[in-house]
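The same chain A turns up in both complexes below, where it pairs with chain B and then with chain C.
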Partner chain A sequence: MLSSINLDIAKIYMKNGWRVVLVDRAILFIDIFVATGLTFLMQMMLWKYIYKDSGEVAIQGKTFSDILLYYLYVICLNRFNNGYGIIEDISYTIYSGKIELALVKPFSFKLQKMFDYLGGSLVYLPLALLPLIIDVTMFSNYTVYTGLGLIVGYLVLLVLSQVLCFLLAFIISLITFKSENSGVVLALYSILAAFLGGALLPANYWPESMRLIMEFNPFSYTMGAISEFSLAPSINSFLSCLTGLLIYICIFNLVSNKLWKMLTRDYKGLGG
Partner chain B sequence: MNILKCKNVTKVYKVKQAGDSFKGLIEGIFSPKYEQVISVNNIDIELTNGTCLGVLGTNGSGKSTLTKMLTGLLEPTSGDIQVLGHKPAKRSRDFLKNIGVVFGHKSSLWWDLPLIESFKSQKLIYGISQNDFDMNLEKTCEAFDLKKILNRPVKYLSLGERVKAEISANLLHSPKVLFLDEPTVGLDVVSKFELRKFIKSWVKQSSTVVVLTTHDMVDVEECCNRVVLLENGSNMYDGDFKQLKDKLIKYKILDLKSNDRPLVKDEIESIFLEIKKIDELAQSIDLTPELISVKIDKSLSLKNIFEKIEHSIDLDINLRLPTLEESLRDFYLNENGVSL
Partner chain C sequence: MKIKFHFLYKNILVNLYYRFNFLGMMCILIIAYATKLIFLDSLLQYTPSIAGWNKLELVFLLYTMILSLLISDTIDSSVLRFFQKVYHGEGDVFFIKPISLLNYMFLAWAKTINLIPIFIMTIGGLIYFYNVFWGSSLLSLLLYLCSFALGIIINVLLVTNLSCLTFIIKRQIPADFLFSEFTKIMILPMGVFSRKVGLFLLVLLPSIFSAAVPAAILLKSDYSLLKYQSLGFVLSLLVFYMFYKYSLSRYEGLGG
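Moving on, here comes the complex of A and B:
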């Protein structure tokens, strides 16, 4: 994949993707203040009640401030690593037949969409950095070494999680080649991301039998796993998260290429 | 040298048959039945530099399927296609960099961004040098009067402006083959005129190959020096546009209008009988008080008619050839003995 990337073309797609997101200020406002801010507020009220009611200082090893920080990370990452827009875009492109125009460009459709997505995500980068800033400045008493490790590690995982999120969304959006209803595809992504990503509950809050799935599924590496690393930064948790991300990126890159080849080969196109 | 070559190209689609009953629907899920539809049947085409090929045909005649196979969007079921020495279905970078594709009803421009951003993207995607970019942009902007809208977001452009911008974007990299699929669809007469004028001059100047798929006969008449006529996926005619016209036009249309007042029934009948005396095979198209319109032998002239029609009513007489559209309609409907 990387061999065919022309940086200039990548830059123009990123720039255009970034500008397209900025054009829609209303969505930007809803995303940042309503979808992110209000969701966090609701989680805060809910967990305050749970902690107060149970009288526990820590539940599953997490104190009230730990859980608040966890949700701050997860909710902001949920917005940053959001495949909804790209699925909506690709599904529409396939469904309307506009994909034919993208296929006759001398630049891979997948890369067109990936850089477009990465560019659009840059707008939300401050939001993804917000929990890190709050964590480092207000919540934790890290040594300089650990603090720097957390910042560098978080940034590395952030970039890789974007690529993984894109690949997951790309693969799911390809269902549109076979499905009549792109709404189903969007719903499928939203459910999987919320349920498996860790936005519902931290992985270790699930029953023992489900913990393995909740911890090591691909969606968790776009949100939950990065949040867990940030809460307790260590070289081991960083390497574990990095390895998971890299393995999934490799697997899903191969899967998406195979699927793409298979589906475009069978593509009959729309009528004239 | 052949720029584009199709040999025995056929495209067969497998179309899933939908069950018409509940049982049929359930069966369709577990053991679907397919019907084979021949969309393009054994087509041979060879094009050299400077050719503007018009592909004519009714809906479902295989025009778009042929264009999609030529651009690499679809793979032929059998036969061989070579465009610029490449097999289009492989969609190699070198092939894609040298073609331009415009689908009149689809836009590849960045919808929310100013038009110039789409052009700048094309520059990088196709690796166009700054000089060529400036020169081609200037040329197309001048031809289509786009300068004033370059900084306007694409979503605020009119349909005509968008189509012109789409064509401009596809000309910036000076493609060796340009595919235009119904580029004038939905355009007003002025935009159509500008577009046709530009395509014509561009083919002449750049001596490239243009494949123009259209329903509009005037597009073909104005721009193309060769025509392919498709019907049910088969090539019914391949050659000069003038010869096609001669072959298709089998009659003339005689229109008579009263200058004084609407005609009464007896008058209409008597005039029609007089025409029948000149050409006993004459066929009526319209016999109304306002207009008598009759198909007559194409060898007859206005002089023959003036000499032989005698009556006291002041009539406007007009003898014309049917439009190509009318002739093609006869051909497709297999009427009036029009065949190729």
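Moving on, here comes the complex of A and C:
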């Protein structure tokens, strides 16, 4: 996969994706202010009363300010690692019969869409960096080395999580080959991402029986695990997050290639 | 009236045609509600109550919210579909028809298939919350239904008001996305805001409390909330009436 990347072409796709996101100002505004702000407000109100009613200082080792910081990280990451747009795009390409146009290009379909996606995500990069800036400047009293380690580690995980998020979205959007309807696929994705990713609750807050799934599912490595690392930065948590990401990227890369081959072999075109 | 029934009848026929869509939608609804329930259940491991609401009361709030959203969604989807057509330049056809535009806007593409989950949820709720419903006085039950109905109309009006912007700025307004963001707050009981802020929000943006107010009326006998909700309802109706007229007069057609 890596050998076939042509950087000049990749740059053009990224620029294109960047522009497409910027043009849709209404969505951008709602995404950044309403969706992020309101979700955070709701969690803040909820947890304020949970800490008040239960009368405890720390729940599962997290104080009230810890949990606020966790939600700031995870909600911003939820916006940044958001596969909704790319699923909509790929599904539309598939069911409207425009896929032949993409297939004849000398750059594989997956890579076209991946650089498209990465370019679009760059618009949201300030949002993903916002919690890091707030964390480092206001909340924590890290030593210089820990602070630097946190910044570098966060950036590395951010890039890898983008790739994983794209692969997940790509595989889910391939369902359209069979269902020929994107509404169901999109709804399924947004529920799964919020539930499994950790945007609703931190992984170890779920009931005992569900914790294993919540901690080690692929979605959680795109949001929840990175937030947990940022809250308590250490070499160990960084390495476990990194290995998780790399393993899932390898698995889903293979799976998506196999699926793509299988589905396009039977594909006869829907009339382009 | 005859026209309205005709619209609904045709609509049900169209909806019944797409059976796979219906099955997919049902599965997604079940997953979505299950996640909300598990979320609530996990939160209540750590605390006996949230803002003075215990587990049964919170589940009842969630139930009211789900039912309210299901019914609003039935009409909302017609509004959204209508404005999608206007945005794509296919709306001009509806302006020259001899019947009111509002018929098309609210009924033509209504998701009547939602009536099945609504029916199941209503029956299920009546059984599960048997004690809540029959243990409360007739007055609070009536006010609950009244406030519940107001909440649904308010939700539909909010989506319509947002969508009417399409007439003026000739762009697609992501009204459904915006509304779904507002609905995230609907799961909170009103007690999480201070009384003054809560009432202020209730008048200004009654949509975010369209489940919390009926639940508070039935469970906490907080009848005074209905006054403020009605005020919010009248306000949003006024906004709809004026904004609809104004935006329609600004509409020039997008070239069909």
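Side notes on the structure shown:
Keep in mind that, in the parts below, the second predicted complex is superposed on the first by the 270 of 272 C-alpha atoms of A that agree within 3 Å, B and C clash if a C-alpha of one lies under 4 Å from a C-alpha of the other, contacts with A are read in each partner's own complex, and residues count from 1 in each chain.
Here is the rule we go by: a residue touches a chain if its C-beta (ideal position, glycine included) is under 8 Å from a C-beta of that chain, and two chains touch if they have at least 3 such contacts.
Worth saying up front: this structure is predicted, and the values here are computed from it rather than measured.
When both complexes are superposed on chain A, chain B and chain C fit side by side without a clash. In the superposed model, A:Ile9 makes contact with chain B only, not with chain C.
Of the two partner chains placed by the overlay, only chain C lies in contact with A:Tyr205; chain B stays clear of it. For the combined arrangement built by superposing the two complexes, chain A sits at the apex of an angle of 80 degrees to chain B and chain C, based on C-alpha centres and given in steps of 10.
Looking at the shared chain after the overlay, A:Val20 reaches chain B, while chain C stays out of its contact range. When the two complexes are overlaid on their common chain A, residue A:Ile50 makes contact with chain C while staying clear of chain B. In the superposition on chain A, A:Arg265 makes contact with chain B only, while chain C stays out of contact range.
In the superposition on chain A, A:Val184 makes contact with chain C only, while chain B stays out of contact range.
By the touch criterion stated above, A:Leu38 is placed in contact with chain C alone, chain B being left untouched.
In the superposition on chain A, contact is made by A:Ala102 with chain B only, not with chain C. Smallest inter-chain Cα distance, chain B versus chain C, after superposition on the shared chain: 11 Å.
Within chain A, no residue touches chain B in one complex and chain C in the other. Interface of chain C with chain A (complex): residues 20-21, 24-25, 28, 31-32, 35, 38-39, 41-43, 45-52, 171-174, 177-178, 181-182, 184-185, 187-188, 191-193. Of all the residues in chain A, the ones that touch chain C in their complex are 26-27, 30, 34-35, 38-39, 41-42, 45-46, 48-50, 53-54, 56, 59-60, 179, 181, 183-184, 187-188, 191, 194-195, 200-201, 205-207, 210. By the touch criterion stated above, chain B contacts chain A in their complex at residues 13, 59-60, 63-65, 67-68, 71-75, 91, 93, 96-97, 99, 101, 103, 106-108, 110, 112-113, 117, 120-121, 124-126, 153, 181-182, 213. Within the complex formed with chain B, the residues of chain A that make contact are 6, 8-9, 11-13, 16, 19-20, 23-24, 96-98, 100-107, 265, 267-269, 271-272.
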